[in-house]
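There are two complexes below, and they share chain A, which is joined by chain B in the first and by chain C in the second.
Let's turn to the complex of A and B:
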């Protein structure tokens, strides 16, 4: 019974991935088909030494680290606020699904409009009060990346809050009660008991968000298109531009395969670190 | 008394957070009914007379029924296909004792982690060769592949939680192996099936990158048409965009809120 799914995935995912790896060792630009030839790992070495790609990588890493940290921290705060089981909290948790479900392209456009310096409901007032640069928060190279981070945090904090809330609700209440009776303060209970027992949920949020934020495309494409300049030019935008707009298939494939490797390495690292932590806590 | 104060502080904080999460979406809905003169005014107008002119404008510029149909076909097609492949696969993997089952399940999960650009370029050429480029099938196959991987993973963990004894009893009572799967095991994982279907649908409905490159003008869904409605024009397009975003956002948000129980159960298990 597993065969149809496995065959389907092999034909429509594995085969294209292998073709992609194949393309990446060729000079292959559909605009210049006469130049096709095998060049080994040249695309990879070119990508790694290309200052534009290095800049993209730096932007992507900053974006990923900032988004994931903020989403974890704010998500944990929200989850703690919503912990008590009552009608108010249940309705609030349901309404938090809205940002997650809104089409990402629309999310990007909403914030692009709201932050517009001349007619945006937020952007106009920020500029009028000199709280934002005259080109608007998304139009200035110094503020655009931070603003896009805030947009991603707006969209995905509810997800981390919901996952952490589910984790909180599954904690055994007798241990928490015992700690409270023993006189552990709120902070001590959070740091010594709740967080260590929440490691599986925290780990889930971390893996999900790191692997997803690293390949963000839609919201940034809709809000800034990578600009101004290249201040929000994430790796995913660069890879799509090279491969699907300039049809430089070899180079585009090489960039996206490097991205895949980076994602795999980060996921593996997170799993290793958390395993180590888990062992230390369960030993003590 | 102190307890009640703490409660009040907590509720205020939650209300503030909800305002932050909901205000941008409410603003978008408002824009759809705002006359374009009010949208372009500086400083931004806070009050205006609601109008339906934006809807009239997009109805004149776009073949709306066709766009909605495309979005619907793409989501329904890829959801059905991934459930059809994913449920039996998850079941089979959960009931096999061999280690390779777990390996296959993890491999499928890993495929979902690959950024779409890696597959999109070769997939584009592949579809071109098959003559499917620009049809709904191209996008359905692409989305169904990614979704099959995660439906399998979700059903794998759901079926593993169902005790084998129930199916064994069904077989003793005269069910075939398939009958035991359909009558005994499947009803017990109903929640997971609905959650998986909902997430597949959401994923396909909101998807932009795949349909942007794999469809033509007649087969493109709302998410792709949205950017055309906005047209890169900084001022005049916003009303049209608001009206268009209505069509693309409200159905999926409504479904999500109605079926929130299933959505939350799916999201919190890490499938999205």
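Let's turn to the complex of A and C:
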């Protein structure tokens, strides 16, 4: 019964990763095929010792941490607000799907246009009211990353909210009713009953969003191209540039494998932390 | 009898049709062949598509034109060449790709065919600089010139007249005029250029750099942080900060062009390919006041007008018969009459002296003398034509943008770029 799933994983996940690992230990630039040769871990050491890659890693980690934290917190708030089953909440839940359905590259282009200080409907007024730097929010190294985080949060918070809302709706009402009868306040119910019982949903949101945000490419590429300077230069932009602009498949693959490892480590940490919390709540 | 006559007439007609068909086939040695052409989505691409029906009528060869964005074209072509998948027989080729393609042997060297067909193709009629700029690497012609663009200065006659200024003769004039024509209270800016990180800001700055005599690669080594280059970037940064519209640091070609067409900016250096749009009321608010001139250079410096555009190359992997058919297409599309027809379809992409003298084209494009002057004194090397060009452009794209947004000083940004560039030489 599991054969289709195993075949799917083998063909669409395992094989590409193995090929990527294979490429990453070669000097392999498609524009210089006569220089292809085995170089062991050289691409990895080059990547890890490259200040630009280290800077991109730092930017990516900040971007990931900020986006996931904000999306989780806001998503939980939205889910709690929409928990009650009424017509308004049902319509609101449907409307929340709109940002998710827009292609990220289009979201990047839309916000780039909206925030432009000369032509943008938002950017012009923000600059006129001195609420944004003269170059605009996306043109200043101090505000560009925060702005891109806000754009990502705008697009993906509804996804977190919908997953968490599904988790909330599946909670057994008898336990919550019993807690209310016992006099537990809203905060106590949230912290001691709702959140512990929602750990599976929280885990799903965290893992989905961490893996997705860490690999962000199109939304930032369209809005800032990694600039101004290097302020929004995420690791994925560097990997794609090496692979598809310079055609340095070996080096690009090494960066991608390092990213895969980083994502695996973060996912493992999330599992460990949530498992620990689960044990703690189960014991209490 | 009557029936016999009809039969005889029918047989005669069939024989005539058969003979004429055989005769037509003989003049169409590649009849029925299909060529796939990958074209960048520049202004000439709809014309290429439209003219392919005429080519089929004349030669029997079907040309399927696949129009792709710049990045997609580069990726598809490279993977096609590397994988030897023969996906495309012909491809429009940016001049900066030519060195890499030439070194890897991905496209057919055209020198012998050009020598053989020189008279038939009237090669003397094509501006010599375009052969160098659009597909030549170390004497090997790996792409044939298809669409020549000149770097020109677009400016606003009305603003110059109101300020009692003359159009700039030197780069210093341009800088001075840009400041004088900036009036933030009226939302009027003296100058605009690409500021967005990446190819956009790197390519624009390279043009300004060349116009004051700066170079990026000398004797096969990068010299990115030379004093002249630092001086150029400092001036460029100051222009961005004091004379460019807000937000220009995040604009690529579209934003820059929009700012000129909307009347926001008074001066802009640009590729001539987009110039037709300045005089089109549907696209521009400055139809009556826009003008083009050759780009200014540093005082006492020999003119150095940037030349760009596209060549057309033949995939080295395809069989000889397809190569010959592809060469037939190149000869046809770049022939004087057909290239004029291409420009009548708004291509705004020129090759030939005769074309720039054509009366109907001069009516359509009132700025052809400027392009003629630019092509006559053009510089094919304002962007270094070296295999490491993509890496240099990327490094400069970050360095220039970092200087423009104040994240680094011009000297520090170019010093960092020099260190990075050395890794590729």
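Note that the second predicted complex is superposed on the first by the 268 of 284 C-alpha atoms of A that agree within 3 Å, B and C clash if a C-alpha of one lies under 4 Å from a C-alpha of the other, contacts with A are read in each partner's own complex, and residues count from 1 in each chain.
Going forward, a residue touches a chain if its C-beta (ideal position, glycine included) is under 8 Å from a C-beta of that chain, and two chains touch if they have at least 3 such contacts.
Here the structure is a predicted model, which means the values were calculated and not measured.
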{"item": "Touching partner for A:217 - first (chain B), second (chain C), both, neither", "value": "first"}
{"item": "Which of chain B and chain C A:110 touches, first, second, both or neither", "value": "first"}
{"item": "Partner chain in contact with A:119 - chain B first, chain C second, else both or neither", "value": "both"}
{"item": "Touched partner set for A:136, first chain B, second chain C, both or neither", "value": "second"}
{"item": "Partner chain(s) touched by A:127 [first = chain B, second = chain C, both, neither]", "value": "second"}
{"item": "Touching partner for A:252 - first (chain B), second (chain C), both, neither", "value": "first"}
{"item": "Which partner, chain B or chain C, touches more chain A residues", "value": "B"}
{"item": "Which of chain B and chain C A:229 touches, first, second, both or neither", "value": "second"}
{"item": "Which of chain B and chain C A:145 touches, first, second, both or neither", "value": "neither"}
{"item": "First (chain B), second (chain C), both or neither touched by A:32", "value": "second"}
{"item": "Interface residues of chain A shared between complexes with chain B and chain C", "value": "116, 118-120, 244"}
{"item": "Contact set on chain C toward chain A in their complex", "value": "71, 74-75, 78-79, 82, 100, 103-104, 195-198, 200, 245-250, 255, 258-259, 262, 264, 387, 390-391, 394, 398, 401-402, 404-408, 420"}
{"item": "Partner chain C, residues of chain A touching it in the complex", "value": "30-34, 52, 112, 116-120, 123, 127, 134-136, 138-141, 224-231, 233, 241, 244-247"}
{"item": "Residue ranges of chain A in contact with chain B within the complex", "value": "1-2, 4-6, 8-9, 12-17, 19-20, 23, 78, 81-82, 88-89, 92-107, 109-111, 113-114, 116, 118-121, 124-125, 128, 154, 158-159, 162-163, 165-166, 204, 207-208, 211, 214-215, 217-218, 221-222, 236, 239-240, 243-244, 249, 252-253, 255-257, 259-260, 263-264, 267"}
{"item": "Residues of chain B touching chain A in the complex", "value": "10-11, 13-14, 17-18, 20-22, 24-25, 27-28, 31, 39-44, 84-86, 88-89, 91-93, 96, 101, 104, 108, 110-111, 113-126, 141-142, 144-146, 148-149, 152, 181, 202, 205-206, 208-209, 213, 222-223, 226-227, 230, 234-235, 238, 241, 245, 248-249, 252-253, 256-257, 260, 263-264, 267-268, 270, 272"}
